[in-house]
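This report concerns only the one structure given below.
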Amino acid sequence: MSTSMKIGYYPGCSAKGSSLDYELSSSEVCRILGIVSSEIDEWNCCGSTPAHAVSTELSAALCTRNLVQATKQGADIVMTPCPSCLSNLRHARERMQNPEFKKRVDELLDEPAPEVLPEATSVMQMIGKLCSAEDIKSHVRQSLAGIRIAPYYGCLMSRPAELMNFGDPENPTLMEELLAACGADSVLDFPLKTECCGASAGIPHRPLTSVNSGRILDVAVKMEADCICVCCPLCQMNLDLRQKQAERQVNAKFGIPVLYYTQLMGLAFGCDPKTLGLNKLIVSADRIVDRIRALNTARKEAQGGNAA
Amino acid sequence: MRIGVFVCHCGSNIAGTVDCKAAAESALSLPDVVYATDLMYSCAEPGQAAIEKAIHDYALTGVVVASCSPRMHEPTFRRTVERAGLNRYMFEMANIREHVSWIGKDKVANTNKACELIAMAVAKLRNDRPLHSQSFDVTKKVLIIGGGIAGIQAALDCADGGIPVILVEREPTIGGKMAKLDKTFPTVDCSACILGPKMVDVAQHPNITLYACSEVEDITGYVGNFDVTIRKKTTYVDWDKCTGCGACTEKCPSKNVPDRFNENVGLTTAINIPFPQAIPKRASINPDYCRKLTTGKCGICAKICPTKAIDYERKDELINVKVGSVIAATGYDLMDWTVYEEYGGGRYPDVITSLQYERLLNASGPTGGHIKRPSDGKEPKRIVFIQCVGSRDKSIGRPLCSGFCCMYTAKQAVLTKDHIPDSQSYVFYMDIRAAGKLYDEFTRRAVEEYGTEYIRGRVSKIYPDGNGQLIVCGSDTLLGQRVEVPCDLVVLAVGINASKGASHLAEKLRISYDQYGFFLEGHPKLRPVETNTAGVFLAGVCQGTKDIPSSVAQGSAAAAKVLSLFARDKLENDPQIAHVNAARCVACGKCIRCCPFGAIREEEFRGQLKAKVIDTVCQGCGLCTATCPQGAIQLSHATDNEILAEVNQLCQF
Amino acid sequence: MPVLEGKELRIVAFLCNWCSYGGADTAGVARATQPTDLRIIRVPCSGRIDPLFILRALLNGADGVLVSGCHPNDCHYSAGNFYARRRLEVLKQFLPILGIDDRRFEYTWVSASEGARWQQVVTNFTARIHELGPAPRLEDAEPLLEMAEMALKPLRPLGTGQKAPLDELKNAIKARIKDLDVVIGWQKGDDDAHTIPLFMRSEEDVDRLVWGPFNVNNPATYVNELIGSALPLAKKKKIGLVVKGCDSKSVVELLQEKLIDKENIVLFALPCEGTFDMARIDRELGRYLKIDKVEYDEAGVTITADGKEHRFCIADYAQGKCYNCSMPLAKNADESFGDMPQITGTPVTPPELAMLDAMTLEQRFSFWKGEMDRCLRCYACRNACPMCVCRDYCIADTREPHFISQEWSVREKIYFQCIHAMHLAGRCTLCGECQRACPVGIPILALRQQIARVISQLFDNYQCGMDPEATPPLLCYQVNEEHIKQREL
Amino acid sequence: MQDTPLNIVQGRDLSFIREVEAESGQKVSNCYQCGNCSAGCPAAFTYDLQTNQIMRAVQLGLKDKVLNSKSIWMCLSCSTCSLRCPNNIDVANVMETLRHMARRENRVNVPVMNKFWLSFLNTVRAFGRSFEIGTMVLYMLRSLRLTTDVDLAPGALSKGKLGFKPHVVPDGGAKAVARIFRRYEERARREGVRP
């Protein structure tokens, strides 16, 4: 994997806290796939939902500072694992093209932002762009075949469609493509893949999250998924950390592990579950790990038997 | 030249924002203008009489009327001046209504503009020459494209009127969409029962020649004399021999063929007859699935056929016919609703179109008239109908209302209750559009007598709950609450487009079409059946959304247009065509190269080659005039000098 | 007709009857408010619009001209707008060379149902013209005279052609002259420093044929009169033509347009090493009584006039076109002698055009005002043009149609040059005879060069006079034009 | 409010319609009240006015009704409404615009939401980055909801998911962020709106 493009890495705050495992697994997967990036110096919080809920200008100022930092260290493009951060960075970049808006934001910054800011993209799109299915396949040590995976993107990754450029906003398929390259053949056509999980409302208004997350978990369990595969720290938190709250809300038992797609890819690449941060999950993913191993062993034996 | 100028008030339509009297007075200063006045309504009888009188009183040789658009009343005033003894082309119009009085309120600017437009018209008129039509023969035969209910009605009416009809149908049977329907609203009578006899009439009428499985390949010519090439697509069956006995369909081993007639719910055989009442009742082979044609091994149908009609080598045939008029009745197709990913994008088997549901209701359909849902064949108990799928949706570029969905959805809800008494239907709607005779009464019956639940709101999402049910997420905007309906089957009232390929046909017919492929009528109110191409008429949904009674009415209307066109033995051509000034022609052939109609040819004239226009073929576009460097070929009534006169009148340094 | 003082500008619109005129009606019916400046001329089809109407309007003081037709694919006459699109785009890109801002002319498509779109088009176009303000008037322009720097670096070595196998050529002509009515070449003129056309009818005539840098005339100019399509069939001759590479392009173009038949013409070719720009030579020689002698060497000639020696190096005194010449030897000749020289490099912008390119719009306008003021309306440019096949039926000489008046004004003189340029669009081989023939030395070739450049850019590098089988680009179209980018209004 | 009929002539604030349209860039008259926005809204059950009712109220210029509603604070900004609107209205953008307008006018009808946001932003202001415990503690202090999510804490803390230590942006980055906030607040005060 070689590219002349310099990638600035924007982890987002949750990568240093609640989604440590996301950061661990995505950096591991990127390392294996040969995607080189350097963390943006002195990056700051993008402001998340609260900033734009309060003021788009404040939100844009916080994001613009990060993009400017990236430019200063020579990045051509900024990559982040978090859809919420990505959405904010992209919104900011787009709004800054409006001269009046830019003027108002520049007033908030230490110095006016340059006319051209680098583009932002997700780790997932970067993998999809730089690595072909063949590239990914070549790293697979343990196929994900046989694991019933419910792919879940959440609402931010693909919306708004013009801005995020992530395929059909109702039915994105990039995650499925990456998983398929890792041998996954039982990825479900998950109908709620872009429905909102309740987002950050979990803290101030718990039912808002538990009702929405509960529905997603409920359908995934009914569809007999082994696990849910996510790409957003907030979704992961709502579906995993708050799974018990959701169970109480909809009066059901789920117990379904919620993994980042990078964790599943890492497992397929044969990484140690610990380096992927699997021990950080609230609902244990041990049975997924075991099942992948068992299925692969069984297949190997079956093949060996045939060969003999 | 002696020119009279008449400035029309059009009541207050023009006079409200244009000083018509001043405009008329200013015209008097123009060269050759000997008389100018303003009139209250120039198109009304007193107005026309005033023009005629002025022509006599002032010995006028040309007339300018400043009023509405020439697209509206040019023919009216041409007849007026003709009655007064002038050549009808010694007349010009200045459009001071649509282009002046209606688009601005500044009276000074408007009056000035009106004066200038009048001056331009006078300048052009001074270059006009009298023109005379030539008459030519008419082929009294009509081509009808499309054998749905509109085409059938038009064919029968023309044929009864004594006109030979060529009816071309793309599918193996006529009947169109109506043949697929179970019942029709608001009377809930059987569609096949009322359509069937008409289809039989078509087959038996001595004046009708039916070409099924055929398409129009090419059309050239002009009103009265069109040359049509029809491609008769091969069915691999000699239809002269086939009796429609159906023996082949019983024995055909290729049984997993998507059934087009049944909207791909259910399967059929590679050789098949679409449905029992098909006209013509003939078998045809689907070459994509026929084992003989795909693998070379089989040939069972050929062996079994009692009349030896099967011929695997059979090729398409091209048939040439000459007709005097064309009726397009090509109908519609459903839009591709799979763009609605939030409704599953076609991936959920139990989310179907209303036309598919119609086949499930139909006794001759794939389920024998028992409603069984596609996924598992179970009888659905809770059915959700969603209206306006692909209609009234700007976000996918389809702001149109498809017109008849409200009504058939009510009908399907009623029929559902008839078929499955313990079922419950829910209809998500935005507005109920039931403006026909007995229509609103019908939708009320669906609610009041059949217990259909109408919920006012669009549906945001459909998803399978993992337990074999679908969850429909909508909202009840009247209540102000979200609504979720767990159900067994979802029926989408999918919006319509003009039938596939309509735009290609339009280009062959040289008629216009809109973004959905619907053909453009001559005038939205006053010429709904005509097109801008003389001799080409429209019937049915190809012109815009319509229900069955309206389609039948337009079919008859189109037939009436054909009959009145053919009531004359000779037609007159439009003299506004190109003419070659042989003296100036250097035979460079540029006009011949670019004429879109092949209306110019090279002819020897006094030992020299010259271009020559074929009067009846020339359509009067003037491309040749713009191409000829010597100005040797001039389009009558839009000559270089006439246009230059307008330019020079307007632009004087 | 004066425009409404201070409020309106003169904007002319040509609308096709079926779509756009209907669209304007629809806008009216919908009471869609519009600026009042626009005056509509109704034509049956956008294909009816001769670009000369638009030029007439612009030269006559229109501040803006708008054309609107049916959308591509929707033409009532099936293809008129496709032809119009090519012609109008060529016109639009031609305008700036005259010093006319091309934003003053626009074309677009509006259908009969698009009343709202028409309103938007009118509003936007009128706003654009008001932003540009009143168009500059020829009457107000200050004449500007400027000369182009002609000497350039040639694409192949220039020379005096004295080593060309002229004798072999003469023998070849002699062998075929019996079958031909006439063979046209060059002979010595009044003196050794000038040539005149030679019409060879016998073997003796052939011996008078000369070859060298004074062979400036394009003999193809005579072809149309002898074998052109307008001739009575019985009067068509069989002719031979001795050609330089550039001359042969005119013949190929005539063949391509089917104005002459291949069977009526035989081409004899030698490799050309460049021809002199006689205007500059004559200027240098000044007045003289007698040319004493002309001595050739490889790099040029030395002319002794009235005892005074003048040295003309071909690399400094060649015609502008010779520097860019990449076909010194005709490719399609029937009898060809000598070798095609090696061509290195690619053609550059011709000097006349480069000079205009460097000017502002106002300067170009002033330039043409100044240059065309000197025009004598002698029509030598037209008469020398091998592509001007109309001859006696040129629209400049008639009132049917009456495009141009006899008024002695710069406006009419420029308009004639526009007519010539437009009639040459997609046809002109840039032989330069028009400019060479001009007795007052107006660089009118620049207008043809601009047209040729536009044609080449719009239609895949199309070069006129190269392929007898090609279709002239303005007599055909593509449904999706690759290089014509529609501008939104 | 429901009891008295709306005076359709006098009871409306037409300038409010224009303000919303100008600030959001959306044409609210394009809405034909199909209800799709409400149908897909994940927060709808917490709303006092459904999304389409908000849109209707904006169409009518019922400023108080809109800006005093709870709905605009409960919106999750998931954009489902915008995505599925058949009239291409960015409804989420309208909701956000209304929220901004309400804040500026000091009308905050769901203080918990606002407090949560401010807690979050205060953390960012202080450290340049957010950290969950800090947000949560601040939020609990502000909202006096001391038991919020305490059920989650043992699990999350043991997994190292909720950091106790804030991640301070190194090398003066945090100060740069603080300066952004300071300028923002100063300007808001200058313009007389609630920051």
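All chains are identified by letter, namely A, B, C and D, in their written order; residue positions are counted from 1 within each chain.
As a convention for this text, contacts are C-beta pairs under 8 Å (C-beta built on N, C-alpha and C of every residue); 3 or more make two chains touch, one makes a residue touch a chain.
Since we're looking at a predicted model, the values are computed, not measured.
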Quiz item: When you check each chain against chain C and chain D, which touch both of them?
Solution: B
Self-check item: Chain centroid nearest the full-protein CA centroid
Solution: B
Quiz item: Which chain pair is joined by more contacting C-beta pairs, A-B or A-D?
Solution: A-D
Exercise. Tell me, please, which chain's centre (mean of its C-alpha atoms) is farthest from the centre of chain D?
Key: C
Exercise. Take the average of all CA coordinates in chain A, do the same for chain D, and state the distance between these two points in whole angstrom.
Key: 24
Quiz prompt | Chain centre separation (chain A, chain C; CA means) in Å | solution = 63
Exercise. Averaging only over C-alpha atoms, locate the centres of chain B and chain D and give their separation in whole Å.
Key: 51
Self-check item: chain C, residues touching no fewer than two other chains
Solution: none
Quiz prompt | Multi-partner residues of chain D (each touching 2 or more other chains) | solution = 45, 80
Quiz prompt | For chain B, residues contacting two or more additional chains | solution = 342, 461
Quiz item: For the protein chains shown, what form does their contact graph take: line, ring, star, complete or other?
Solution: other
Quiz item: For each chain, which other chains does it touch, given as pairs?
Solution: A-B, A-D, B-C, B-D
Practice problem: Within their complex, state which residues of chain D touch chain A. | Solution: 42-43, 45-46, 74, 76-80, 82-83, 90, 96, 99-100, 103, 112-113, 115-118, 120-121, 124, 128-132, 135-136, 139, 143, 148-149, 151-152, 155-156, 159-163, 167, 169-174, 176-177, 179-181, 183-184, 187, 195
Quiz item: Which bits of chain B are touching chain D when the two form their complex?
Solution: 342, 388, 392-395, 430, 456-461, 473-477, 480-483
Quiz item: Within the complex, which stretch of chain A touches chain B?
Solution: 168-171, 189, 191-192, 195, 218-224
Quiz prompt | Of all residues in chain A, those that touch chain D in their complex | solution = 13-14, 16-18, 20, 41-45, 47-58, 61-62, 65, 69, 107-110, 155-156, 159-161, 169-170, 195-196, 198-208, 211-212, 237, 241-242, 244-245, 279-282
Practice problem: Please name which positions on chain D make contact with chain B in the complex. | Solution: 30, 32-41, 44-45, 49-50, 52-53, 80, 84-88
